[in-house]
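Structure incoming, see below.
The chains carry the letters A, B, C and D, assigned in the order they are written, with residues numbered from 1 in each.
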Amino acid sequence: SEETPAAPQASAGASGSQAPAAIKEGLKIAFLPKAVNNPYFDASDNKGGKVAVEEFKGVYSQTGPSEASPSAQVSYINTLSQQGTDVIVVSANDKDAICGALNEARAAGAKVVTYDSDTNPTCRDAFINQASAEGIAASQIKLISEAVGPDGGEIAILSATANATNQNAWIEMMKTELAKPEYAKLKLVGTVYGDDDDQKSFQEAQGLLAKYPNLKGIISPTTVGVAAAARYLSGSEYKGKVQLTGLGTPNQMRAFLKDGTVKSFALWNPSDLGYLAAYTGGALASGMIAGKEGDKFTAGKLGEYTVGKDGAVLLGDPFVFTKDNIDDFDF
Amino acid sequence: MKRQARTRAILGSWDAVLLIAVVAVVLVGALAIEGVASPRFWRFVTLEAIPIALIALPMTLIVITGEIDLSVASILGLTCTVMGQMWLWGITSLPLLLAVCLLLGALLGAVNGLFVTAFGLPSLAVTIGTLALYRGLAYVVLGDRAVADYPPEWTMGAIAPIPGLTIPWMITVVAVLAVVFGVVLHATPIGRGLYAMGNNAEAARFTGISVLRTKFWLFVATGAMSSLAGVFWTLRFASARADNGNGLELAVVAAILLGGVSIFGGRGRLIGVIAAVILLGILRNALQLAYVPANTLTIITGSLLIVSVVGPNVAGMVRDRLRRRRPTTP
Amino acid sequence: MAGQRPIDRQDDLIYGLGHLKRFACGVGGHVINSPPILELRNISKSFGAVQALSNVRLELHAGEVHALVGENGAGKSTLVKTLAGAHQPDAGVVLLDGREVVLSSPADAQAAGIAVIYQEPTLFPDLSVAENIFMGRQPLRRLRRIDAKACRTRAVELFDRLGVPLDPDRPARGLSIADQQLVEIAKALALDARILVMDEPTAALSGVEVERLFSVVRSLQEAGAAVLFISHRFDEVFSLSRRITVMRDGRWVSTDPADALTVDEVVRRMVGREVSALFPKTDTTAGAERLVVRGLTRYGVFADVGFTVRAGEIVALAGLVGAGRSEVARAVFGVDRYDAGQVLVDGRTLTRGDTAAAIAAGLALVPEDRRQQGLVMELSVERNATLTRRWRLSRLGLLFGGAERRAATIWSDRLQVKTADLGDPVSALSGGNQQKVVLAKWLSTDPRVLIVDEPTRGIDVGTKAEVHRLLSELAGQGVAVLMISSELPEVLGMADRVLVMHEGHLVTDIPRARADEESVMLAATGQGGAP
Amino acid sequence: MQTQPPSQRGASDSSRLVHRFFLFRELGIALALALLIVVTTIVNPRFLTPQGIKDLLLGSTILAVLAVGQTIVVVTRNVDLSVGSVLGLSAFATGSLFMANPNLPIPVALLVGVLLGAVCGVVNGGLIAAARVPALVVTLGTLYVFRGVDYTWATGRQINAADMPPGFLHMGNATVAGVPVLTLFAIVVIVVAGYYLRTFRSGRELYAIGSSPAAARLSGIPVGRRVFAAFVVSGALAGLAGVLYAARFGTLDANAGSGFELNVVAAVVIGGVAIFGGSGSVYGAALGAVLLTTIGSALPVLGVSPFWQRAAVGALILAAIGLDRALAVRLTRTLRHSTRTEGP
């Protein structure tokens, strides 16, 4: 992660000629997740973004389609733009398909912040990266390697949909990571897609085990997938013999950490992600920052952040949950 | 019998009810919801309605003959990916891409048609199968990739407004096609045949109507139109992906049913379907503007469908009841 | 005669027919003095603008067969449906054993001991024949479970009574109209009802089955049941019934003992005027060969059928029900494919299995089953009547309502189709009027070869005469007419030549001069030698 | 009358063939299923380990229960597209119930789920039977409505395995003699429904209604009441499926069972139930459900690329219905030709 030295607020003014020192009040900030009804986004938006928006006295709202699809998201972007929203905080269902609509919204005066899943850098002002792809890939490989043990063996990936931008980026980075000599004994034998659908993920996990008799570990870098796979493993003869790690929420995974199905998994705090996105949006809309590399701003309780390359703001490294620390979290 | 006749009389004017509903929603929306009166609103509504309308036009004819095609959204998706793959191969002529896509759609429709007509299988079952098959092939073609680097002239061109207006020019294509399909359905011998076979295929056969051949070509037409919608979709969203238009078939079916077309075939008019497409589009966007959450919108869409069939019937029954009571009360 | 008739489908039934019997005339010797078990008083019923029944009255006594006659659309079937609880009258009362009852559903009527055979068969095609007969009142075993075996044996008993060897296990789908009608009869008998209502039960039957049915009806009558019998065939009416009620235009006209009436008198009351002679066949000189059929074979259905029909000729195709006449007609018309043979119209061979080509060559077929094959019930009279001419009525491929309306008006006037509005769906018409629409549909195409399959089934006397006159007229204009009919008098009266089919084979070709009841029936039952 | 005996024998011969054909129809699906399992097992023996069998059975259970309910509706010439949404609603209700009362006995949860499903069925059946409107439209509407209610209720909440009593989750995984407990539920449902449809008057009346609604009305069958009941049963079974879903998957959000309706209809159609009513059996439909889920789990095991899987499912559906049809046509033709040789 890029360390952000605690610089005094004075330096924040560097980006503009007379940049305001604080976020304007009354900004309309709308969160547009991949789909409402997804607990992950409930945590990031309603438990993170909302808190932040209330802190700087903006008007918070969350809206979006009930099923994840880019075209439905476009419709909501159009609506938000017509409603005169100041900041649209969006997790993209497709990095290209919603670009046109986002640019139209920006032309109409809105600032666009992407979080969780990015779009093309050309159609948003900033991207809140929950963790760098490298960071996630490295931590996932490290966790599975530790779980499987020094002898290594075959591993497989259970992903979300085949088109998920962030997932595919992570998987690519994992392959790079696996090429390193210290992981020479780990062999990636397959990638399957559970479509972020609980039942499909469950079946795919089942299929992986039937297909690869020597499978030693599964990485599922998606909250739906890792929970489904954990449930399958915990109810099967493979429990404890086949290792599992991934990105999951503590509440979903608590039972499986405790019963030994899973030794550890990782995740950032989704509420922090939403919180940071809200502050970034507020700063953008107030003219405090322009989204250029090097811009600095303070995100409430999270402290100060610097905008990185391509307008990306990095939340931090993923947090690793184990049996010992899981009870400190509730989300 | 009697109730049916009455229902039909009311259904005949169901088109009128829908058109009035469209006007009412627009008026109320314009007065009560900020933004409905703006030209941008209409741009967004039409952009959304275009692919649904393109598919609903031929599909209405299919439903009137008593069949159904649930694979339309998958044909749309497969077309998108094939278009993307061709672009990756370096085919950069839009007319060529369009021609190949339409041909592909026609072919996919022909496969549906073949299963239904030559093998005599129920279209609902066949197209549930091809729904999975075509969508699967879309994944085979592009896998997890997305093709998004189309030239802006294309992507902008597809959604460019009619000069002087905000409404995209594609709507004129839809309008022309709507007239063509409307005339075929309502004012040609072919249209008469469609209603006849929808009501009683055997009697139609005894009248010299080639039921199977007609249905086959309708499936071909629906495939081609779905492909056209696919090309539009690709360009509008500047993104060819395997999951494009996922689930769109239900939106199309909902519009057709709301439009007063009988799912059993033989009844319904194109004007009603077009009104229903517009009504659903406006309602959805207007309610979104009014901060109605997606979950409530889902409920409203469903309720509208139910009302569209239950309303006329219950009205007919009530009138029936009242009429019967009158003579007996001295 | 071996009973190996060719069959069409796996579910087809094979059965032979018994010997032909003459109608045994005579009426049971009961005297009507008891109070009626069923009485209708001042029943009125309207459908929209159509007043189907107004102030109709009817009395049924135990042990009597009561005939109900009237023109097409007089309201007979509507009255039946009212009795069956399928329609609710707008006004009037129904009395059972002198007590007023409300029949609000068919179940009510059944519970009250009324069994109904509807004019149009109401079978469940997917279910077995036995299940069709006992639906809703299957014999039960312990725990209210259905006793399938009892179901089957009782069905067999019923068919024995009717003298038809129908297989109770076969599905009802694919039964010929006649067999469907027989199942309907068995269904009504199974009810053991006190009151049996039969709406044209014999319209699809030939003499043998009719006679069987009548003997069953007579035994029921002797057992004290009341029977209401509707038919357009006066020989049946007079041979079976004791009293005759005449209806006209939804009104009751008269009820008299059959002995006191003559056919002419009944017809006069029904129609309200004198009717010209039936079968007005004028002699014409036959012209060139119009329709030539050679060696037509459809495996398992008919074999090696060959005949010609000349311009100006009316050729009748006679035979028992199920002889395969309709199948031949359908194959010739291209609705069914055939396995071997040739069909030529004016010397040109028709593509097999291509109805459109047949129509283009000048063929027309009035099919036997108007509901399934002849009409699109949900469409209007106008659309149905012009469906065959939709291309001809179009201009530049476009078709507008006016042209259809005009064309339909001409033909519905000509055939006196009784309907409130040409825009009404044909399903709202009475059976006979529906048949007229089918005729209009095909006559309006100016056919060169006209095939009519049971053209006058369910048609009243007045219209029947009109249809016969039309057929003669068409023949006179040089049309080749092939007429399939189960009504012998019609066959004998109308035909220049009579072809007779027996079990899928054309057995004989009898010229008008030599055709009589005896020769035709002998050939039809497979006993006649070569002509 | 000497013609009668031979012809009658011929008739029952042909009808026996018909019966054999219908038996064969279900056998055909069973055969296809066996073939698929054998091939997959040859390629990968792990497919048929006890664990593999358990997975297969568990996988088909929920779809099979839904298919039974759907069959009951489809034989009456109706269709229930709302089952996926009812399942979701009932599953979420079960989860919420357990969250509120962790000590709730399992039978109570089952009862509540079934009742909730039945209430949804009452809504469907009430609208369809009372207003006499096409089921496809109404249940497409309630598909949206019930799902919308589910969404609104859940509002992004998720119920996790940790929120549910271990006893309940254990039921989702436990086996009796190698057969999962959940599958036992399905087997009971299938057998009861199958027996009922075959041997009780009201069961046969459902077929009569589907075969010809108008005739059913004229025969005095209470059509409205029967159709209503069919929808209530379908709803109740979807509710039961929801509880089973909750037990098996443990994690519940508002999306549970979304998109199931097409799978269910596909299972029923593959199982030989005529989509236009009047014929078909729940055994066939359940076999169809097993076949469909087996395809779903065999393809990953066979190592079919994930991108090809969906296409393969579609192709297999088409193959299944095509094969069924081809068998029927062939049988008809054989019969016709065999009679030709002995015919005149």
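Here, contacts are C-beta pairs under 8 Å (C-beta built on N, C-alpha and C of every residue); 3 or more make two chains touch, one makes a residue touch a chain.
Quantities reported herein were computed from a predicted structural model and do not represent experimental measurements.
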Contact-pair count is greater, between A-B and B-D, for B-D
Remotest chain, subunit C as reference, centres from CA atoms: A
Using mean CA coordinates as chain centres, what's the gap between subunit B and subunit D in Å? 29
Using Cα averages as centroids, what's the distance between subunit A and subunit B in whole Å? 36
Here the gap between subunit A and subunit C, centre to centre from mean Cα coordinates and rounded to Å, is 75
Using Cα averages as centroids, what's the distance between subunit B and subunit C in whole Å? 43
Residues within subunit A bordering two or more other chains: 36-37, 66-67, 162, 193
Can you list the residues of subunit B that touch 2 or more other chains? 139, 143, 293-295, 297-298
For subunit D, which residues are shared contacts with two or more other chains? 147-148, 151, 155, 274, 306-307
Any two chains that touch count here, so list every such pair. A-B, A-D, B-C, B-D, C-D
Interface residues, subunit D side, partner subunit C - complex: 1-8, 10-12, 14-19, 21, 199-201, 204-205, 207-208, 210-212, 214-222, 274, 277-279, 331-332, 335-337, 339-340, 342-344
Quick check: in the complex, which residue numbers of subunit B touch subunit D? 3, 70, 115, 119-122, 124-126, 128-137, 139-140, 143, 250, 253-254, 257, 262-264, 293-306, 308-310, 313-314, 317
Using the touch definition from the top, list the residues of subunit C that touch subunit D in their complex. 1-18, 84-86, 105-110, 116, 118, 122-127, 131, 135-138, 140, 144-146, 165-167, 169-171, 299-300, 303, 503-505
Report the residues of subunit D in contact with subunit A in the complex, numbered from low to high. 44, 46-47, 51-52, 55, 59, 147-148, 151, 154-158, 160-162, 172-173, 249-251, 253-256, 258, 296-297, 299-303, 306-307
Seen from subunit C, its contact residues with subunit B in the complex are 47-48, 88, 90-91, 333, 335, 355-356, 358-359, 365, 367, 372-379, 383, 387-388, 390-391, 393-394, 397-400, 424-425, 427-428, 441
